[in-house]
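Residue numbering begins at 1 within each chain, and the chains themselves are lettered A, B, C and D in the order written.
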Amino acid sequence: ALGATATGAAIAAEGEKVILEKQQWQTTLGQPVAARPYGMPSQWEAALQRRESPGLTRVPAASVAFSPLQGFFGIITPNGLHFERHHQGWYDIDPAQHRLMVNGLVRQEKVFTMDDLMRLPSVSRIHFIECGANTGLEWGNVAVPSVQYTHGMLSCCEFTGVPLSVLLDMCGADLKKGKYILAEGGDGSGMTRTIPMDNALKDVLVVWGMNGEMLRPENGYPLRLLVPGVQGVSSVKWLRRIEVGDMPYATKDEAVHYIDLLPSGLHRQYTTVQECKSVITTPSGGQQLLDKGFYNISGMAWSGRGKIKHVDISVDGGNNWRRARLETPVLSKAITRFNMDWVWDGSPAILMSRATDETGYVQPMVKQLREVRGTRSIYHNNSIQAWKLDVNGELSNVQVG
Amino acid sequence: ALGATATGAAIAAEGEKVILEKQQWQTTLGQPVAARPYGMPSQWEAALQRRESPGLTRVPAASVAFSPLQGFFGIITPNGLHFERHHQGWYDIDPAQHRLMVNGLVRQEKVFTMDDLMRLPSVSRIHFIECGANTGLEWGNVAVPSVQYTHGMLSCCEFTGVPLSVLLDMCGADLKKGKYILAEGGDGSGMTRTIPMDNALKDVLVVWGMNGEMLRPENGYPLRLLVPGVQGVSSVKWLRRIEVGDMPYATKDEAVHYIDLLPSGLHRQYTTVQECKSVITTPSGGQQLLDKGFYNISGMAWSGRGKIKHVDISVDGGNNWRRARLETPVLSKAITRFNMDWVWDGSPAILMSRATDETGYVQPMVKQLREVRGTRSIYHNNSIQAWKLDVNGELSNVQVG
Amino acid sequence: DTKYPGIGREATKAEVAAWDIDVRPDFKGLPKGSGTTARGQEVWEGRCASCHGTFGESNEVFTPIVGGTTKEDIKTGRVASLTSEKQPQRTTLMKVATVSTLWDYIHRAMPWNAPRTLSVDDTYAVLGYVLSMAEIVPEDFTLSDQNIAEVQKLMPNRNGMTQAHGMWNEGGKPDVKATACMTNCTKHVTIGSTLPDYARNAHENLALQNRPYGPFRGADTTKPPLA
Amino acid sequence: DTKYPGIGREATKAEVAAWDIDVRPDFKGLPKGSGTTARGQEVWEGRCASCHGTFGESNEVFTPIVGGTTKEDIKTGRVASLTSEKQPQRTTLMKVATVSTLWDYIHRAMPWNAPRTLSVDDTYAVLGYVLSMAEIVPEDFTLSDQNIAEVQKLMPNRNGMTQAHGMWNEGGKPDVKATACMTNCTKHVTIGSTLPDYARNAHENLALQNRPYGPFRGADTTKPPLA
């Protein structure tokens, strides 16, 4: 049986009390402006929180808090619900004490304060950040119940900062020998990641602004790197140093983690691009439909290689597909929101979305990825997600094929 | 003399302590993930708050809290800092108790729950909201010291909701006779505003989502109207009713306020479009430059008639102008962020920005507006804002011409 | 609905009656009823005067409701004081052209701290009393759905509105046309208005309204500008 | 800087020395120094074992560091157990190809709760001890900047990395090529994997992780699915 609901319940002949009777908010004076000089969500939104996945990590300061994508709208991630991934905990660093050093193969090694950086020519761009391990729990089998845990290491924000190329230019980077940069964080882990110079010069930013305000402490306040299209770990938080070098650095998170085990026993190293991917966020695993009838199927699509070209949706487990509407703006290396009309007739269904990016790359089935990469990859699982809808209205996580 | 600064201060020969000595955040374990399941800004960001303008209103529940634009980046307004304008205070309405009624010249008068509405085909769009009275304090003379108070009734968010046209269609609105709609709020003021049907069918949305999450209580949770390009008051908050009618309603906020007094003694009624406007947000009134040298001049431009085509910046009080860079995305009826390189040589300067929209309309000087509308208009002051930079590095609010 | 099955339901008559409370300039929506200025005075003094003043003149909680209109205005339907710089504030009755607006709004939203608690008859009564304070209707008057259209003809600013402008619709014609001159646009830049000294710190210390780091600080407005 | 006057300053030598602590695979950045496995054992047992286990085998705080490598692997430079389904966890030493990585990381970030508190010599010592636990170096060994390049040649998985893939650069070639079939794409839809029953409520009650209104509720995962 489908879940009962206030709406579904019979309405008294005269109508509903909430309309026929005057309510408190219509008959009294509300709260003043600036009651909260910095606002918070409604008391009724408490279900939408960042959450850990029990058992995934052993200590919460080297862990992940997943974003509740099941309740998100559009493409912008609210700052309070941006996913968290720390290796040695987070800090709220005093910006007056924070410095950025540029060293290595440069004419002039330099130190910048936040005062300095924020005076430089700034740009604002909307980009996604996806952890390379997003959906990694599902390389083998279905493991987690909802989109918060399958895809919740994903965000999309408007970032403001200075192009890294401006800083490299100021320091006179040796672009002939200097084929790589190393980015280093100011936290205890001193997170370090290598970025190819071509990439660094193209669209990498040194950012302080996120959705109009400063980065949140959990996301690298007061300064982080932003490497568009590349797994989140490269967008080093609490950024303190950029080194120009002539070879990759094989740092811990490039040599022990964020490497992909192939069936041959070889590991792929320096796999960073987040390939084209999409997921239906509503309705999705662990959600319960209350009734048959019309629904809006909605989700997110993104690609580390550019813009989303289109998204197709299947409600029959991948046998037939229909093209979804894309909301504007459709931006490069940003989330694109898609929607599709759907009338649920009450029979079982399997909902899937499949994105295609501007390079023509089509999001694959997990089977196709496994044919090349096996089942023990952890990172870069961009396969098509399926949600099974049962006659009772409940959706659950399944893998098709 | 210019203000002294840490950066400006001489650095000891070996370097700065914050670099030479290991800091706490590099040598200890930070805080765990989900320490704050819903995050907040850094402790160092407390200066950025919504604030009332002393003396502007007499009671804080029929008042305004202005946004600190002087600290904003990009185009997205952080939800915690969205400006507030209430007429009878704000409420945090239980969404399960909230209803939307559509009545009047329709085939079928209907009631929708939030459950209903959120199932409908939804769209997401980025739009500005500007109160019609924004910059109204300056129709006569310079009155307030900073951009928070001159322009802080301005926001730009990604909104998600259902096109009003879908609801009108569902109810069978009589589009022949029904030339207007009335939108009514669920708060104590029962805010009511007339919207021409053409406008209503074009791009008006009934929205619940704002920057990825639900509307904040201060901004109409759980449901508001969004009338793109039109003064904020029309985007009725806590929306409870839509009526289709055959004439304008001359509600209190269309007949006593939001009317513009002309020198003749006549009032213009139903002036709603927010014409093309821009403002330099950094550096701006009440800010203090610490040093000569390079700066990024940055600001916001928007138009109720479409996209921004370009923005020009003058640093000499309007004698000479240079074209600013526009950040992407440039969207219709949304804020566009502009930036321009500038080297301050220490001499006095007057900074101004002038936006042009896709219709070719050029943002005017206040003098030009006054020639038509006089000095007692309150609403729709979209004139060019000037900030005077003194040799001491302080900027102040002035009117040129 | 065949396009969106399962969504929304018919509104009942009682529900529409409960919520459809707006009153238009043509008095559509106005409920039948009446009230005397005597009763109106009781309501006013009991439920309104504390905020709006005994004579509707108070500026304490909101701008005045009554004042600034004359017998002559009632004849012409144009409030003369609107062109005078002497009138310090524009009162409600100086501005409002449509009496329906006041009926609708008082019934909908007043008293401010207890909206929707006035009966229909008391709304007629108190509105009649407000109009009598402005000498638009006699001291001793009964306002009702029957005579309100006549009262409309007395509203002092009934001819005071114009819709002849390009700002209601996106496609309307703007009333100024600036040009985007790029070089040598003004020989002498003149500053028409500057921030008055007393306004420098009137919004409290701007040093605390800007980040304590970054490209700029907030000026310390508790002190004079730096020398 | 003439392009951006007034912004940034030269870093001093001492500052660069203080912060430029990375060590590359070619040992650029590696400071001179050395440490014995005996000293390494002291450091390990005093400062590391509580989290990583006496033998580097612990799974309590993080995945094991030591284990899963053989004498044979040291010869081939490929860890054989990586292809075995029997090895339950991939230890650090099964994966890491470059000894510089470990030196850099231990010096940079360990102990986890007190990073950057190990001296250079103690870093050599404890790293040597870790390698000795895995029998990569002898029980009684002194690791130093002089012999670390030789030790690199013993790393069990030193030949275990490939960069032959299209995923480092945006322009790289993807390794799968799906097609966007639109109709009649699969005769029989088969479900390969479903959520195990025990996982239904393993992330707590999903009813409390969804809005209590809107198009969907969260399923009450404390109970079985609705009948």
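FYI, contacts are C-beta pairs under 8 Å (C-beta built on N, C-alpha and C of every residue); 3 or more make two chains touch, one makes a residue touch a chain.
Just so it is clear, the structure is predicted and the values come from calculations on it, not from any experiment.
Enquirer: Could you work out how many touching-chain steps separate subunit A from subunit D at minimum?
Expert: Each step joins two touching chains, and the minimum needed here is 1.
Enquirer: So which has more C-beta pairs touching, B-C or B-D?
Expert: By the number of C-beta pairs in contact, the winner is B-C.
Enquirer: Cα centroid separation between subunit C and subunit D, in whole Å?
Expert: Subunit C and subunit D have C-alpha centres separated by 66 Å.
Enquirer: Starting from the mean Cα coordinates of subunit A and subunit C, work out the distance between those two points in Å.
Expert: Roughly 46 Å separates the two chain centres.
Enquirer: Please work out the Cα centroid separation of subunit B and subunit C, and write it as a whole number of Å.
Expert: Roughly 22 Å, centre to centre.
Enquirer: Where in subunit D do residues touch two or more of the other chains?
Expert: As it turns out, subunit D has residues touching two or more other chains at 3-4, 6-7, 9, 11, 15, 19, 112, 115-116, 211-213, 215.
Enquirer: I need the residues of subunit B touching at least two other chains; which ones are they?
Expert: Only 7, 15-16, 19, 26-29, 44-45, 48-49, 51, 59, 71, 88, 95-96, 101, 111, 113, 115-116, 118-120, 188, 190, 214, 222, 290, 293-296 qualify.
Enquirer: Should the pattern of chain-chain touching be classed as line, ring, star, complete or other?
Expert: Contact pattern: none of line, ring, star or complete.
Enquirer: Once the touch criterion is applied, which pairs of chains come out as touching?
Expert: Contact pairs between chains: A-B, A-C, A-D, B-C, B-D.
Enquirer: Where on subunit A does subunit D make contact in their complex?
Expert: 1-3, 44-45, 47-49, 51, 53-55, 58-59, 62, 68, 70-71, 87-88, 101-104, 108-112, 116, 119-120, 141-146, 148-149, 166, 169-170, 182, 184, 188-190, 192, 196, 198-199, 202, 229, 240-241, 243, 245, 247-252, 254-256, 259, 261-273, 275, 282-283, 285-290, 295-296, 304-305, 312, 316-321, 350, 354, 356, 361-369, 371-373, 380, 388, 390, 392-401
Enquirer: Using the touch rule from the top, collect the residues of subunit B that touch subunit A in their complex.
Expert: For subunit B paired with subunit A, touching residues are 5-7, 15-16, 18-19, 23-45, 48-52, 59-61, 63-65, 71-82, 84-86, 88-99, 101, 111, 113, 115-116, 118-126, 157-160, 186-188, 190, 208-209, 211-214, 216-218, 221-222, 238, 290, 293-296, 298, 325, 327-329, 331, 337, 339, 341.
Enquirer: Write out the stretch or stretches of subunit C touching subunit B in their complex.
Expert: Checking each residue of subunit C against subunit B gives 1, 3-4, 6-11, 15-16, 19-22, 24-26, 28, 59-62, 78-80, 82-83, 90, 92, 95-98, 100-102, 104-105, 108-109, 112, 115-116, 157, 160-170, 172, 174-187, 189-196, 199-200, 202-204, 206, 208-213, 215-221, 225-227.
Enquirer: Tell me, which parts of subunit A touch subunit C in their complex?
Expert: Of all residues in subunit A, those touching subunit C are 7, 11, 13-16, 19-20, 22, 26-29, 95-96, 113-115, 118-119, 214, 222, 291-294, 343.
Enquirer: Inside the complex, what are the residues of subunit D that reach subunit B?
Expert: So the residues of subunit D in touch with subunit B come to 3-7, 9, 11-12, 14-15, 18-19, 112-117, 211-215.
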